[in-house]
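In what follows, chain A forms one complex with chain B and a second complex with chain C.
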Partner chain A sequence: MVAQPREAPVSRALTASLEHAAPAWLRACDPRLRIVAAVLFAVVTVGLHQFTALLAAFGVALALALTAGPLPQLLRRAAPLEGFMLLLLLSLPFTVPGHTWFELGPLAASHEGLSLALSIVLKAGAVALMLFALLATLDMVVFGHALARLRVPERLVHLFLFTVRYLDLLQDEYRRLRLAMRARAFVPRSDRHTWRSFGWLIGMLLVRSLERSQRILAAMKCRGFDGRLYLLDRQRWRGSDSGWAAVMGLLLGGLLWLDRL
Partner chain B sequence: MALRRLDYERIPQAALLAAAFFISSLVSVPVGPSSVHLLLNGFMGLVLGWVAVPAIFVALLLQSLFFGFGGLLVLGVNTLNMALPALVCAALFGGLLRARKPLRPFWIGAAAGATGVLLTGAMVAFALALSGQAFVPAAKVILVTYLPLSIAEAAVTGAAVAFALRVAPELLLVENPHA
Partner chain C sequence: MTAPLLELDGIGFGYPGRRVFERVDFRLGAGERVALVGSNGAGKSTLLRLMVGLHRPSAGRLIAFGCPRESEADFQEVRRRAGLLFQDPDDQLFCPSVLEDLAFGPLNLGKPHDEALAIAHATLATLGLEGFADRITHRLSGGEKRLVSLAAVLTMQPEVLLLDEPTNGLDEATEERLVAHLASLPQAMVLVTHDRHLVERLATRAVMMHDGTLRDAVLHRHPHTHSHLHIHVHPHAQGAPEGHEHGAVEDQD
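So, the complex of A and B:
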């Protein structure tokens, strides 16, 4: 939307795309291929049973992620959100019955539990790394367009594109509000005052975004919006894409074959 | 599906609210010695009604892209875990809020916030427990961690609802022709 040109995004911390970090061959790949490949890889990986196959899948994903972008940066983003996985890992060896691996007081850890936990880590890690490599390096707008070309419902794509477009603006809005709070010496604590202030903050954010959305709709109507966003990109399937699709197919086939051994 | 309830007229509105909720859920709120991130699905249900479903889906998709969190495969389960409580909140508390003279909007909001979080926690734990006996203890721990979150969520959502009702009642009142 060009409705409010003066509100060009100031900072793009959140949606800062890593696309320029990606190697040229990855950037040249058709985005549709990347999405399909990531999804297929995830499906295949989760279905694997053998450790060798899992290790291979993890290795491939890790290698690809290493070539695709600044991995430490990605990991730092992800780290705070992995408490859930950690919890699962620590509890599993103790809860799966089987041969004893070691004992910790009254608790006995089992080999079966350990291997289950390990395989979950490998699966989750492989899928996450592949996601980083193939999709996190994709520009969000391109991603939305590719979704549309993959026949994801159009309204969902529109919603996605709009949301992406306004995330940065709202984040700026949020920063401004927080700055204003800081200027009044607000320090978040665990008390009612903090919770109420945050409630008002979120309420204010919603109210402002509602007003803004009404302005946007009005501006869109002025320009003759008829319920369709035209996707102006040209995503063409090229010969090299077929090549990469074949490579991906071979890789997935190889993983499945390893699993059957 | 809920997508059909999303007319083109309302896409910008839904998208901005989805973005606002996404940003809000990045706020870390201190509870006791630690801090939590809000889910806000109860509040989303109240504000967006049915549209909360695609909005939550988009937010989770973005989250998995930005943070690699959740992953692609559990996207469906996660959306269900988040969106169903949102719809329940919309059904339970939306009417109360739209009554001619809502009683204690703070408490309605607080109830919606707590319900959203607790239901989501219960569904996550249930899904885990379903996938195997071995996951039951982890599921219990998760359920316990959702308790402090529900307190913070209730307090913040309550304040936000009371605030919105005073400042921009149209946010909550005219909002859901379909709900």
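So, the complex of A and C:
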């Protein structure tokens, strides 16, 4: 029996976030603080030069990521990035000119290339881990609301929230159509029939999405929609949030200080 | 007799290349619950959408709440006073959280924030959905979505309800809950449905869409003598013979 290709649950992964995996103190943190902290950490980390500071940043991010989710899940999420990093690590030493580290036939690896590759790997890793810890553990809807509170343009926020809302539906529609194709013995091959069928599938998805969007607009009009959208949420800044903001400030200050040494 | 809430006078409508109906006359009076029945594709949903101006008639006159309605501005007022429940709740629930979706209508009507929230909470309570305020709309079950989308229409406090197959795809318990709630509402209603049980429970009158026109249908009740096949699960004693008889249970239907 041939194993059926499983559809990747893209939207499920997106909408069912790791919110429940996060520790209680992180969940209690104001989402706005988490977003700002993650962004600032990324900016500071990318600007670091010293290896001690980079290692410290990586260590902090890793520790935080490990408290926010189990290791296997973390590895699975980090895998695509690390694959790309491996490529850098292999190619950069040979392409950056400088003092020779070792020679491999006609190719010479340089110390400068190695340190450049390592610093990129550490920076990207630290930023990604911090995003996993602080943002991937946020519910998508809460994330959208927090963005709006941070004065991100409302249109973008609503676009984001509509995407979250309807991605699942689109995915379900795709799965249903795909199942219906399979039920009539469709097996993808590399021939005209397959490509045409997939074309129809995608076309049908587009048509249905368009029709759905028209129905949604009609339903919104029925409830008096006049171009304005409203967000209701109850995010409140608390004393403990100021505390965490101070901790984050100290951490970022510490990293910058380490970098100056 | 008081003036009808909705009045359709010789309404015609067609999509490009296809006539859906012509010369449709219809009146909805206060307190009436009219079942609109007819075969698939007869244009029942289209007629509901026409009543709130989502489609425009090619002929005829539409009078709602005492005024003839023609322009988009006219219909904006109609939509505030006549709530349309869509067939697919996913078309209707577009806000991330249930509370936001319920407050969307009242906020559009210009109600202040607190009042909109109060209306939303009160509406949830009357439908027995108290715990749902912070639920995420796309993670609700099909039945829950339907009840919440009804709640979203009711927060507009409409005078007329236009329901497009409200019980479609619901299990018996949810349907019962929905029908019981609808029966308790004072609003005049137009129900598009294939559900005989719903017609029997709710409708005061029925009209039938056939060949592009609307005819009065007769609602009548007569006793049937028939047998039903019921599905019920019961444990069998060990070694019971195949095809054994069960004691007769009085038919409830």
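In this text, the second predicted complex is superposed on the first by the 222 of 261 C-alpha atoms of A that agree within 3 Å, B and C clash if a C-alpha of one lies under 4 Å from a C-alpha of the other, contacts with A are read in each partner's own complex, and residues count from 1 in each chain.
Note that in this section a contact is a pair of C-beta atoms (placed from the backbone, for glycine too) under 8 Å apart; a residue touches a chain by one contact, two chains touch by 3 or more.
Everything quoted here is computed from the prediction, not taken from an experiment.
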| item | value |
| --- | --- |
| Winner by number of chain A residues touched, once chain B and chain C are compared | B |
| Which of chain B and chain C A:176 touches, first, second, both or neither | neither |
| First (chain B), second (chain C), both or neither touched by A:238 | neither |
| Partner chain(s) touched by A:141 [first = chain B, second = chain C, both, neither] | second |
| Which superposed partner A:162 touches (first chain B, second chain C, both, neither) | both |
| Which of chain B and chain C A:203 touches, first, second, both or neither | first |
| First, second, both or neither for A:132, with chain B first and chain C second | first |
| Contacts of A:223 with chain B and chain C, given as first, second, both or neither | second |
| Touched partner set for A:212, first chain B, second chain C, both or neither | both |
| Chain C-contacting residues of chain A that also contact chain B | 15, 161-162, 164-166, 212, 216, 220, 225 |
| Complex contact set, residues of chain A against chain C | 15, 139, 141, 144-145, 161-162, 164-166, 168-169, 212, 215-216, 218-226, 228, 230-232 |
| Complex contact set, residues of chain B against chain A | 3, 6, 8-9, 11-24, 27-33, 35, 38, 40, 43, 47, 54-55, 57-59, 61-62, 64-69, 71-73, 133-138, 141-142, 152, 155-164, 167-168, 170-171 |
| Residue ranges of chain C in contact with chain A within the complex | 49, 52, 54, 76, 79-80, 83-84, 86, 88, 90-92, 94-97, 99-100, 103-105, 107-109, 113, 117, 136-138, 152-153, 156 |
| Chain A residues touching chain B - in the complex, by the definition given at the top | 14-15, 38-39, 42-43, 46, 74, 77-78, 81-82, 84, 87-88, 91-92, 94-96, 113, 116, 124, 127-128, 131-132, 135-136, 140, 143, 153, 155-156, 158-167, 170-171, 173-174, 188-190, 192, 194-207, 209-214, 216-217, 220, 225, 227 |
